[in-house]
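Naming follows writing order (A, B, C and D), and every chain is counted from residue 1.
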């Protein structure tokens, strides 16, 4: 997934020019333009929704990077995460509305995130173990179809448990609470979401680049056989990848619940679609790219809404996807695909 | 190629004359097989539904009407089978082409536009329109690896209804287009209700035709190229197969079949609304193809038919049954509602346990027995032992 | 060539088959509903002349069940009452309900098949339904050709009946033979009514109009907007938000800039009215939230109701119109009868917004049947079907229903186009929060 | 069949008579990100010659192969085949998609200027249809790639290296190091796929299953069986490829590579994993291919006996670098080669 990180070492300058700087400049420029078009308040909205997409997109990109599978079920893992978080907040923690006392809030949030991410990670690993691993050497189509099946199953299980209609989740961070930053009043929740997302991403980035497991992931992504020869436990590595990706999706689910205070079993489909677009946009297999892509999608969507073309927002997102695939299939940060198949 | 296989199954293929005769024979046989098979179906279905328990559900006319709608899905499945089954490309936005076909006819023959084009040529036009959009979508994306296609088609399948919804000026948006003219032969206008036979027979004719054509494609060098791509795209390219054009052809031909089905749907319902073409149609058809046995034409057709019947009749009857007998839990479960759960479980189970589908194609079983299958295949019983 | 021969052969077989096929066979679903009604009508000595059926076509499963089931029970109640009273002209009446919800959402294709079923079943003399206007568009061509009386309790899209909105496209076969009538007022009344209410009663001047891009939502919103601009109100913004929208923040922030003093949401709760309201309040947009009957769906404890999703305090300041009579004369009795009749049912045992109208529809069909049988008691089923249709669509006839005395104009629209207005009272229903009736206006009187 | 064979235009028999250059690679380079898989490799294959590439694992042999076969683009250098440049570094490929949308864009602009979109419904829908049609047409041309189209984009400096199928069309067949047969297709079908470019029937023929189509298939099937016989696989036409024993799979792949009557064969370790007997047979077979069919061969091989046995010339790679090139004896004596092998441990 971070192939360019590896290859960056020898000719650093070249890589620096070729891959590193351009996209970021583009990103900054894009953000600037968007900011000028839609103004600060909408910009905050975009960043918030973008953070959620980014978190989900990372899961896609990691899984694709390591086993080249579009994990269609990932969007639904995110959805299940939202429901899991709701369960944790309501049933064991007995929350209903905003929590005002900061320490208590912190504790509750920590428990909520920890439990949800853990459960979702496990779920993701289980899915990989039972639905994908048996098909690792099957034709490409097989796991894709299984993934779709798994996504159906997750959706319907949730629907059976919680019914088809939308469910309220406790917004323990008071959605009305606002702080004034530089003359602009921003919702506390928005700030919280953005910060959480960025923290998680940085954490992940460090994990992947510093730890042993992270290195194992990168080498597996590069060349599974070679990694195996080097003594990397492929199954364990892939399982770990799924765990992390799904955990992040779970975190995104928590955030979703906190932000909108209302969740539904159909949540996963749309979110998953946009998140995958984000992953492709950023260069599939590249974590930073996925993050950037997520925010980009957020910008596109909110800009459309702000300009009064809300109904076209979806279409705009996919237009972006197709254009990317035509003109830069490798995405913002991805490296050129080796095989031209 | 399966023609050759069938023919050379007996001989070791040293005598070209014999082989040639055999292949001609089996080739002619292939089309006849389909026609005979469909003819049997055409006559058998109406008779079967006169027997209990079917007769107790509803009258023959209603059954035939249901079969006609089921036929639309069979067509869709046959088309998607070209893309997914034969060429191994995952198309998740198939309903979009269905929609394009339907709206093509809606524009061609409805008070909304004021046009009054005849139905039969529009079948072709609808197919062409769908194919055109298939090319428009496929051309940029088919150069990339397969799974990108999956996501792009998924997006496309989302965009088309959105586009139809929001360009009210041309499509009357969510209202859809009503008052579409039903087909007519001479002065005989196909009746909307009462007598389902005209639509029923038309649908059977369409299916028969598409099956024959698809078989011919499958047996051609194009069909071989498709399968080669499905098996190993790189190796296929390294053997002179232009993967892009070949994949694009598969995509376009699949789309055109959907367009055909769309035109028929429009003329049957006499109303089209964007709501008819949401993504669950795409996924239902995909499930049909996978469960029917990817790449196996008869299998897919039968699979599609059975699945549609299950979802539109069996599950309903199940509900009613449990409502009547008041089984504690079961009577509360609404089976219709969990249709997609069943699909999901089926898809996963199918891929893990029986990837060749419910009605495995002869190819997949050939290693087990060659001779009798060759003979058996020629008989081509509609239960999906594909006449190869 | 071969194909044509095949066709010929099949056609021949067809004749053979249809010759020996016995017309219609009772379906277990009919038995089912019969069982439902038999409980009540056992005592009655109805049915010496056999049974006739009233079809009910509604979305009855999944998310749509909340709309369909209470409506269905409204019709069942009417029929059971009739059977208890000794049936109609010696006939016992059965309710034959068919569900056209697929995956919990109405499905036109299925609806069309159901209408085919009714049309083919000669014992069906009338149909109650459908619920969604989009479904009506698929069904009316069929029922029109079959000459089958169809009475919708809830369809409000004007194009279904009014030629000037293209209704003739849907009754092509017999443009002058009215077979589709409805007791609900059309959107070209409901929308403008709310516009007037917003303008004069709530004193709004600059509204934000959002629709859910569905047949119903967009239609009613368009009608609202037209009237609104006539009245001299200004439209802060007109936005479409597809039913699967969850994030309205973009829209709201954008709208805030144009400081609207009210919102009109053309759509239903399942397409996001609740989420929109919730997010509006969160962004501190505390302005009246108004909408059509789609948003008036039950008290704060009802699963998936506007009040429950948005929260009762956020829901305060919401106003909804209902395209039916709010407190019709017999409302109290009706509610009592309804709850009494279905007290044993696990769920949906209280009347919904369209139970009354459904009851009225059934009553109208039964009344027409009764009147026709008086004139020609021995008519065969085909004649009964036609006779019932004819009597019901005759503009000179009127019907005493729970909603009051209904009659229909030349298009089959009710001559009692009542619009009633509701608002959310957080304190109502002992603190759960519920919609409370404000007032109602008869736009037929204008 | 014969005339199709000749249309392959290969120098029948008298290949050795005129040792003209068949394929020439100049300064072929390929890097992946930072690491260089092969650098400045020069190679010349005389027609009718057998040239081998040897080198320790990871020396970039297969990369070189894939570049020549058009599977991956080179980062530099060119490959000329029969005097015309086949492979070269792609330039400005991003420009091509621009040409796809350009015509449609122009039409759109023109319509806009003509005020189509302020006009009535008719004109608008017509305008839209026109745009879509143009776009579709452009894309189709781009995919079919007629000569004039290629020349056109050449003029704008868009240079796209040959795709694998172009390479095959030019008359180069190949096998893979790890066998890549179409597992679920029969042996015969595998060879028939290899014959793809020789069959002339088109979509129309398929649909009406025309006489031409049938004749085509007939001839193809006959030829396919001949090829199977040639590599010694008589009578397994209808075995699924995946059910064949390893050695047979290698031969089948060879037969498939021959199906298009190539002038040059790229064989990637044809004897890998074979026992001595099979190896000997395969070596003999390769020799026969040259003598009987006059096919030139470019060979990657680890088995030195094979290499020294049949090669005219040998190219030695190590870490992507070309360290030696010459006749077997020269190479055998070359100091760097010995180091390379001893250094990394001969395989």
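Rule of thumb we're sticking to: a contact is a pair of C-beta atoms (placed from the backbone, for glycine too) under 8 Å apart; a residue touches a chain by one contact, two chains touch by 3 or more.
Just so it is clear, the model here is predicted, and its values are computed rather than measured.
Q: Report which interface contains more C-beta contacts, comparing B-D against A-D.
A: Counting C-beta pairs in contact, B-D comes out ahead.
Q: Can you tell me which chain is nearest the middle of the complex, judged by mean CA position?
A: Nearest to the common C-alpha centre lies chain B.
Q: When the C-alpha atoms of chain B and chain C are each averaged to a single point, how far apart are the two points in Å?
A: For chain B versus chain C, the centre distance works out to 35 Å.
Q: Please tell me the distance, in whole Å, between the geometric centres of chain A and chain D computed from their C-alpha atoms.
A: 40
Q: Measuring from the mean C-alpha position of chain C to the mean C-alpha position of chain D, what distance in angstrom results?
A: Going by mean C-alpha positions, chain C sits 66 Å from chain D.
Q: What parts of chain D, by residue number, touch at least two of the other chains?
A: 71, 97, 100, 163
Q: If you look at chain B, which of its residues touch at least two other chains?
A: If we look for residues of chain B contacting two or more partner chains, we find 140, 162, 165-166, 231, 234, 237, 243, 337, 340.
Q: Provide the list of chain A residues touching at least two other chains, using ranges where the numbers run on.
A: Expected reply: 164, 311, 314, 326, 339.
Q: Among the chains present, which pairs are found to touch?
A: Every pair of chains in contact is listed here: A-B, A-C, A-D, B-C, B-D.
Q: Can you list the chain B residues touching chain C in their complex?
A: Per the stated touch rule, the residues are 31-32, 35, 38-39, 42-43, 46-47, 50, 55-62, 65-66, 69, 110-112, 162, 165-166, 168, 173-176, 178-179, 191-194, 196-197, 201, 204-205, 208-209, 265, 269-271, 273, 275-276, 280, 311-312, 316-317, 319-321, 323-324, 332, 334, 336-337, 339-340.
Q: Along chain B, where are the residues that touch chain D in the complex?
A: 1, 3-5, 8-9, 12-14, 16, 19-20, 23-24, 27, 132, 135-136, 139-140, 169-170, 213, 216-217, 219-225, 227-228, 231-232, 234-245, 248-249, 363-364, 366-367, 370
Q: Would you pull the chain D residues touching chain A in the complex into a rising list?
A: By the definition above, chain D touches chain A via 32-35, 71-73, 94, 97, 100, 163.
Q: Along chain A, where are the residues that touch chain C in the complex?
A: Listed in rising order, the residues of chain A that touch chain C are 39, 41-42, 45-46, 48-49, 163-166, 168, 175-176, 187, 260-262, 264, 266-267, 270, 301-302, 304-308, 310-311, 313-314.
Q: Hey, which residues of chain C end up touching chain B in the complex?
A: Its residues touching chain B are 2-3, 6-7, 9-11, 13-14, 17-18, 20-21, 23-29, 31-32, 35, 61-62, 65, 99, 101-104, 108-110, 112-113, 115-117, 119-121, 134, 137-138, 141-142, 145-146, 157, 159, 166, 168-170, 172-173, 213-215, 217-219, 240, 242, 346.
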